[in-house]
Amino acid sequence: MVNNMINVKGFLKGGGFVQPIWVFVIVITVFFSFMSDYFLSVGNLTNILVQTSTIGLIALGMTYVMINGNIDLSVGAILGLAASLSVGLQDYGLAVAVIAALASGLIIGAINGLIVWKTGVNAFIVTLGAMIGVRGLIFVYTGEQSFYATNFAFSDFGAASIGPFPLLAIIFLVCALIMHLVLKKTGHGRNTFAVGGNAEAALDAGIRIGRHMTINFIIVGFFAALAGVLLATQMGAATPNLGRDYELWTITAVVLGGTKLTGGYGSITGTLGGVLAIGILRNGMNMMQVPAFYVLVILGVILISVLVIDQKLNVHASKGVSI
Amino acid sequence: MNTSATRSHVADHSGAAAPVLSLIDITKKFPGVVALNKVSFDVRPGEVHALLGENGAGKSTLMKVLAGKHQPNGGKIVLEGEEKSFENPKQAKKSGIVLIHQEQSLVPEMSVAENIYLGSLPLKWGNRVDWKKLHADSTEILQRLKCSFTSREMVSHLSIAKKQMVEIARALVFTPKVVVFDEPTASLTDHEKPVLYDIIKTLQEQGVGIVYISHRMDEIFHLSQRITVLRDGEYNGTVNTAETNEDEVTKLMIGRSLELDHASKPHDFKENMLELRHLTVDGVFEDVSFNVRKGEIVGMYGLVGAGRSEVAETIFGLRRPSSGEILLEGRAETIGSSHEAVEKGIALVPEDRKDQGLILGMNCRDNMTLSALGSVSSMGFMKTSAEKVVHDKYQSAMKIKTPSWRQKVGNLSGGNQQKIVIGKWLHTHPKLLILDEPTRGIDVGSKAEIHALIKELARTGYAVLVISSEMPEVLGVSNRIIAMYDGRITAEFDGDAVSEDELVHAITGQVAQAPKVATAITDDATVP
Amino acid sequence: DGPYKIGITQNNVGVDSYQTTYESAFEKAAEANDNVEVVILDAGGDVARQIGQVNNLIQQRVDAIIIWPTNGQAVIPALRQAHRAGIPVIVTNSKIAEAGMEFIAAFSGPDNVQQGVSSAEMMCDALGGEGQIVQVAGQPGYTTAMERSQGFEERLAEVCPGVELVETQPADWNREKAQRVMENFLTKYNDIDGVYAGDDNMGVGALNAAKGAERAEGIIFIGATNFAVGYEAIERGEYYGSIYQSPVDDAEAALQTALDILAGKEVPKMNFFETPKITAANIGEFEKPVF
Amino acid sequence: MATAEQGSNRVMFGRVSKSGLMSFLSAQGILIFFLLSMVVFSFFSEQFLSQSNVMTVVRQASIIGIIAVGVTVVIIGGNLDLSVGSMLSFATVLVVDLHDKVGPTTAIILMFALTLMVGAINGFLVGFMRLNSLIVTLAMLSAIQGGILIYSGGQNVDIANQDGTWFSVFGRGYVAGIAVPVVIFAVLAIIVQIVMSYTSYGRRIFAVGGNPVAAVYSGIRKNWCVFSTYLISAFCVACAALVLGSRVMGSQNNVGQGYELLVLAGIILGGTSLLGGAGSIWKTVIGVLILGFIQNGLLLMGYPYYTQWLVTWVIIILAVWLDLANKRKRLLTTHS
């Protein structure tokens, strides 16, 4: 009982069936390992993990927000801001810089959450505004300049490993496990489903939905900032444009993982599959040297195909009229 | 209005205990509507106090004020002698007030147990959910309610009736002081009702005060000790159930007696309008054959989940038949979409008005004309004056209570919403009218009117198929009754000659293989 | 002793003709040489993705890495890792920051500061030392853009104190944006004598705007990286001058530098190829750019 | 009587009530903001309200505006279209590239046909396949961008003889002293607004966006409706490409990049909710203009371009807040 959420089967299964995205992940893994000799090397696999960890971390928080029935478009900008702060403030000491960076994510998350809560305005709108605004903030702060960490210890952290496992990948996987457990096992996690599944019912039942939403916005803000700091350690630097389009890829990954944009349904395991799918596709196509122009087309087509397959699988599950 | 006569709380001479809850002079206004005007109401411990009134009279609103969902514009709430003001549902709940909603408020993608304990999940060590306790406690409640499903089942997989049971199960989580049931039986069949009645009895024995809102007189007389009637947002008297009768209560509600027109079923049937031959949708229903003639009302009776709605949806082009035929006016037709169905003269008043019937954010007028936009536009341009005419026609014909055609349908009371849906479909002037639970949540007065309307329509040549879970309704309007059980037709009866027992047997699968008193299903059924 | 496997990660192919032409020229040059096999990647303008690509190339153990940096600073730690893995790195087209120089084998590309200097000199000549000008700069934060601006601004102040640069706005190497920026300049300033654009693509956008406002006659346009549209505009006399910079030269130089290093030749750290001034006076000496 | 108050307690249920212009205006928090920001900017910059500047801003805003008109329809129908930026690049590159190859007329026809085809693919996937529009159009954004690059080989495209083609009229011409882009914007906005408010088609789109299930149960061909909104959106993009291509007389492959966000920002500033079933074109027009004037105003005041983003953020927040506070106040006053 205690451990059944950690075992592999429980991880792959969401509510008794294998999540389609994991089937897809396995299929493309097999495919690329036939197409490229390097693909299955330990080095490459850990590379994939490190590279997906950025979007992956944000996606963990995004899963909560989306299960809540909201969305956060400002995560890419938060990531950029946190990255810039974590490098730009290093004159005041590394700890100060990192704490300030993470705090910026918490604060912007809180602002988003409070506005959604207090005004009742659609989260898409609120966070789209924040996305534009925070990007402006980054430029104001950086004066359009990139920052560069003079201290290589910072970037060495990003490249560090524990045994054969890159530190960043480990951080990501640990966070994923924690977020999975919180979602499945705690009151906050369950209420996240309740709020997204039927906000009015949740309200009637005495759940303070505004508070839950705000907490989840803070969580995603934190993870976006954490991703920003870790990305900055990978680069030893930060650029003002860092994280552009990340919100879209994050949302895509979460949706591929089966979380419903309408809220009330989703899982961290699915999200993990979603980010891996995108990471593997990008990496595999690099390995196969697919020309850049075609990568864009292929990614688009695959995204749509996964949606179609997912839908076909789900239609069988429900007897209802398809509208 | 005869308020002053009855205001001297009739029940006082019964020497009953002091009320556990009193609502005093509650006023609630919405834009353009005074939903409640100085309404007073009380409940005693261990009593079932029925709240009655026409659709839109303010019953749900009063209870929402009580439960902290609405803030009153005036008046006070006194609970066990203490004045309370509930700013949100949580506070009301904490004080021991449970409201079982008219419109179900469940979270679909969560387990039954989590829904029962929504907002009060048992936690251990900080924030961890205590699953063991949760499921154990829920299972116990479900057993008390004699539910056949488990606490781990996903609510989205349950039928509407089972969902209603989950909703009711919430009342048993704590020992509450007051439980409000807002039309709990609207989506229950006769099957589940006794269980609910038992529960209510148990609660009564525990000294809980119960408010019971329903449009079903039989229930009210069966359950309640007192009846309070609201009319147009005003208190209109309280009576002791034992000292009154249906007619008197109805008068209080609508200001007159109901003229019941049992005798006047239509009887002039013409050629077949609809005929189904061995219609099957795999996994949903099987081998369904019956016919509806012009001028005839056919009732379809069965338990929730029997597959009646699905048959209707298939006729309406929303599901693809796997095999079998649909004939309209003698011609085999494929109805590929709801749009084609409408064009072929079929109308379906769906069972779920909120999800299927209405665009809640749109106003009354726009909803009313939505299925027949062609009739109120020329060359694609809307004729707004024609639209208003249509709206006003059905508003007055069906006595729809709305401050204006501009009112958002979502702000109407449940019964008035239902009337809009019916009006909207009448306006398409269909040849075949299918009504799926047409009077769900409709008050007795309006119900009688709708029944009369259905008969009138049949008389003017409409073919009508009425799906209902209410026996009196099916018996009252149908020329013929088709019984369904588990996706199959089990029997067909003459609407005037069938007994209640026979019907009950047929819909619970206990019927003898051959239908007993059936009008033979003939291909050419012009026999009157 | 090849064959050598060389990996290249480019900045943003397809964003403009220069970068696209560079890519095809690079491919062609590599094909022509039996001794090289290339892995061609494109970062799509995203630093993080470029860093990932550098890691992938290290993983594949290529013999040399050529990088067209998306950002002159952020890529340095990745280059440091390549350096540590013993893979020589050649930076192409756009420089990286000073701190990274120790990790790379060589730079090959235009001298963008010098280009800015040349443009300032042309501007000074054209205006006769007197006037009020505006600048339409390349993508903010991008080294090439910053170096051109820096070279231009510093040199202008030196040689032409009488010419005042009243405002600079970026247009991201984008002609339509440049046109919008210039339209706003034109409403804001009644008197504009000259425009310096970070490349001709933007310069022609600015020219379009001025023509639309019927003020092109009185304005001197000077760009950089001569595009075909800029070349034609110089021919028509609407555009004063630019800097001739060939992406083909750029690509071939990068590949050659890499090969030289792999062959163990002594190669200078900074390898600039020629980027001369082009004006109506000497346009005959240059072929019209293919992009 | 519960409903007796209609006369004395006049409340707004629908769009406009009888109580006149003032309550109409007060319902439009965004309009107040618009006027307010105009005043502030004109205070700081004398050119701001000059005729030439206003014309410039409106002209520049028209490309975004034209697209926003179409996207608003998609949003009212309950979906999103994030692919418009890529589609704009696609259409612009096409029309410019084809101009010299097949002549302007054929180029324009082909461009419209192909852009509508892309719109049809969007519409098919969202309307008939019932896939999530956010992800579909995001995937299309990527796929179309790749498609253009493959088509053009990544090269810029140009029109050789800029002064000798009537194609220049769409971006550079004037009709009765008004820039043609503005004319196109205005005409499209008016037509689409009329279609949405006064036709049965518009009514259906509102219904489908408001409750797709009920729309289907009402006999509305929902799938076709959704499909058609993407055609409208594609048509608007094609019109915008006409203006853009003609204005620049050339195109880069990424010329439309980021337009989808500007378009959304404009729509949101106008106050159309993204939930579907509500919204109006004229609100979008105002939103787009506000965006244009903020950008321009800050530029004239000499702020770096990115401060406009910060200001946009603040304004979005304040505007929704104001709008909301306003609605709440209206509710409260009817209570007492």
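Lettered A, B, C and D in written order, each chain numbered from 1.
Convention: a residue touches a chain if its C-beta (ideal position, glycine included) is under 8 Å from a C-beta of that chain, and two chains touch if they have at least 3 such contacts.
These are the chains along with the protein names UniProt gives them: A, D = Ribose transport system permease protein; B = Ribose transport system ATP-binding protein.
These numbers come from a predicted model, not from an experiment.
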Comparison of C-D and B-D (more C-beta pairs in contact): B-D
Subunit A-subunit B separation of Cα centroids, rounded to whole Å: 44
Gap in Å, rounded to a whole number, between the CA centres of subunit C and subunit A: 35
Residues of subunit C touching at least two other chains: 13-14, 170
Where subunit A touches two or more other chains at once, by residue number: 139, 144, 292-293, 321
Touching two or more other chains - residues of subunit B: 318
Those chain pairs that satisfy the touch definition: A-B, A-C, A-D, B-D, C-D
Residue ranges of subunit A touching subunit C (in the complex, touch as defined): 38, 41, 43-44, 47, 50-51, 54, 139, 144-150, 152, 155, 158-159, 231, 234-242, 244-245, 283, 286-287, 289, 291-293
Residues on subunit B engaged by subunit D in the complex (per definition of touch): 29-35, 37, 56, 58, 73, 232-233, 316, 318, 337-339, 341-343, 348, 350, 355-363, 366, 370-371, 373-374, 376-377, 380-382, 401-404, 406-408, 424, 428
Residue ranges of subunit D in contact with subunit A within the complex: 82, 125, 129-132, 134-136, 138-147, 149-150, 154, 212-213, 216, 222, 261, 264-265, 268, 273-275, 304, 306-314, 316-317, 320-321, 324
Touching residues (chain side subunit C, partner subunit D) in the complex: 13-17, 19-21, 23-24, 167, 169-170, 174-176, 179-180, 183-184, 186-188, 201, 204-205, 208, 212, 227-229, 232, 291
Complex interface listing, subunit D residues touching subunit B: 1-6, 9, 11, 13-14, 198-201, 203-204, 206-207, 210-211, 213-221, 277-278, 330-331, 334-336
